[in-house]
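We just call them A, B and C in the order they show up, numbering each chain from 1.
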């Protein structure tokens, strides 16, 4: 009789070009939207009100882009990262279509790279994951790489490959929500007058607000996303671990929870950043645990026009989230690339933002 | 390059008769209803079951009256009270129409009074706020006044005015939910046999139950309402504050959270108080923080018939909420008007309640 | 003027064959489903995705069987167990029809047994409770018995009876969801290849994962179910209690919360246990409080075919939930029937699971 419990894949279980159709499909609903609202307090108007979404040409308020991300991502955990030692990075993450309540999502991954570490104890797995709606519409597309334990150090690895990918998604490859047109954007109801042309590369914004995270909150969020990584939920195990076992002593907060919190906090300064259209890369620099208060600041890295349209453009933003350290002064890595202990997230992404000229035209 | 972060309005920024159309519109859904249920445990049947609402002539179960209040109120925070020192009061708050899942709400405020304090550091701002559905239907109408900081003590104030308003909404001015008819009210399924005529002015009710509030709960609630007041969320800042800075040392629980908790607790004794139709006034007497256990007692202040109908009447209720102090004995302010430390809320409001005669007729 | 607060029924208030139509009807929505997801992290696919439910012939994803149970059960608390000293047991609990978002539930109970204890201070009340949809469709049917305080020790008890019932629901009496057909079950998307015939009586499964429970979580859950039992909510009262008063010193977690948590944890090992169709019996062996980490293991007790169908069968499962004790080693009661302190739940139930042959056929 086989063991019924899924032990997850170890490094030697992966094969190059292997395709994994992940469990569990998930219908997103207005209930998820309300919970997401309660967890982060977001105020981006397109996702908050059907009528506001109608004014920009969408059929209804789509769910928050990051809610779609978390659900698509969560499905990959059992096969990809149950035996992960570390999440090393994301790349070329693009949103391809908005998700609406009623849509059912599932995720498919392909192993695009494998590289054993020289210690023979671990290896790096590179996957290209895609989130789909039931009808086959692609909603999210990204690359992720994680360091995964080997079950057996002696196991031979058949074929290896290190994939290459772009450090930044080129502006012309960004996909914006089909049909979204900001010509009739209601700036007053959105809560801020600052449009795409008001932001310039190099500008830094202190998002001011701080939010303390509780254990119940991050666990509610992570379960909502059906992300089962044990390290987020099991305090007893943390209490029992000895220092040699990657001990944190506390439940680790899912990095995506911090991303969503930073995005919500960034409203104060980036209120018209209506859609996250891509993540170029992200690092969870230090662990976040319950009791930490999250602050954030952002830097404008780039600004690009969108082909054939004057209603909106894209901004490349770097948002740095901090724990127990207000963002005034913009705490950052030093010249050698070393981060202060207060930095928990360094996220590089593209947002779509309406332009003001159209309004004036 | 202008600062992108919204600093909020200071006292000298307000103008008499200024109209403010607040961000962020918000579509209320069944998800909000479920979260409200989970946060307070309410059992009022009209809001709990579509079929029960149908029996009294409504098209479906409306959302809790206080949920509508919190959402309408939350929108006013960024412009009105981000720099508030104190919430001084509410008056003439009336519910004008039920809110249903699917309705989108926004809020408009008009500055109806301004009065600088003699210390020149602060002033009192009086606003008349109105919550609307997208089609233009008015759902909530109230006056609120707050003490707001000046940015610059030397700033001159153009014009001042102290508005007058009624301490109690006269019964004939109350608006009851259009179409609501209690002729076929199901008393057994509602859970209590006590109707409008069973309550007499002077009667006091100990609502018995106590509920302890957790940090995660009040923050989930306050974010659900898109209320961004920093004092509810940022524990790190509280830890850093020195005694001279209005230090509480703890995250302050949004007063509306306590109102909703007291209303849910009041079910045990006021089970048939189907709708809150007005708030005459309310004071958050002492701060509430996580870990406090809330109890409540009520006093019947008045009882009035509704014109041309015998199915229901209104009761004017005073509900006093307490922290860490059971309500037996009805702890109250003394003859000099001084409240014990245990009192956190003193709320004066009108509820609509079915009459029993109709049932017997 | 009568006291308006409901004191609940005491033992001498019950009558044999008395029928109680419980308040408060409740419309179940997608909001409840999302909260249930966030509270437990369940991954059973039929309840997670409309499209997966369609593939097995259901009209949409039904709500989790235990969510329906908790809502039906919660309604009985005010009349049956407000003055309970102990929940003694459940029996013959059967799910009769799936519940979908939009359904409104209410509960009716009949007193089928009464037995005063020899100390004259308490007695045992046996009730047969049934949960219905508004149209009259029966969704849940169970027997429960509780020990209830007498108001007056001298009160005479009119008629007593101890009912008999079956320790196990016979497989032929199980009701499976009408229309559910697993012929086209998608095993890959479900996340596990193990079907009904892969499980054999005597097999034990360590479900591995551990989840720590927070105060906010169990209170959110219990209020969602409109379960008002005071012991779950009032920490101040626990602090004040003296040792002689059944003092726990902590808020007691609703036993149903632990059942739902154990069921969600059991996914890892019982992923295709698509429906809970009956509970034969359950014991809350030791109290659970916030901060406890829940683990679970299961034992297959029996396996039965379903008449005239080869797509699915039923398994009788015993799931044991533990606090602060991993399930490896299967901690259990000893030969004398005494449980270790770590065991919090011992639940005996039937699940419906697809068969693999059909797939291969």
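We take it that contacts are C-beta pairs under 8 Å (C-beta built on N, C-alpha and C of every residue); 3 or more make two chains touch, one makes a residue touch a chain.
This structure is a prediction, so every number in the text was calculated from the model and none was measured.
Rotation angle, chain B onto chain C, C-alpha superposition: 120 degrees, expressed as a multiple of 5. The pairing of chain A with chain C is characterised as different-residue: of all residue numbers used at this interface, under half are used by both copies. Averaging Cα coordinates per chain places chain A and chain C 36 Å apart. In chain A, the residues that touch at least two other chains are 29-32, 34-35, 214-217, 220. Chain contact summary for the complex, chain B toward chain C: residues 29-35, 37-41, 43-45, 48-52, 61, 188-192, 194, 198-200, 203, 205-212, 214-217, 220, 268-271, 291, 293, 324-326. By the touch criterion stated above, chain B contacts chain A in their complex at residues 1-2, 4-6, 21, 23-27, 29-32, 34-35, 78, 101, 104, 106, 134, 214-217, 219-224, 226, 228, 230, 233-237, 251.
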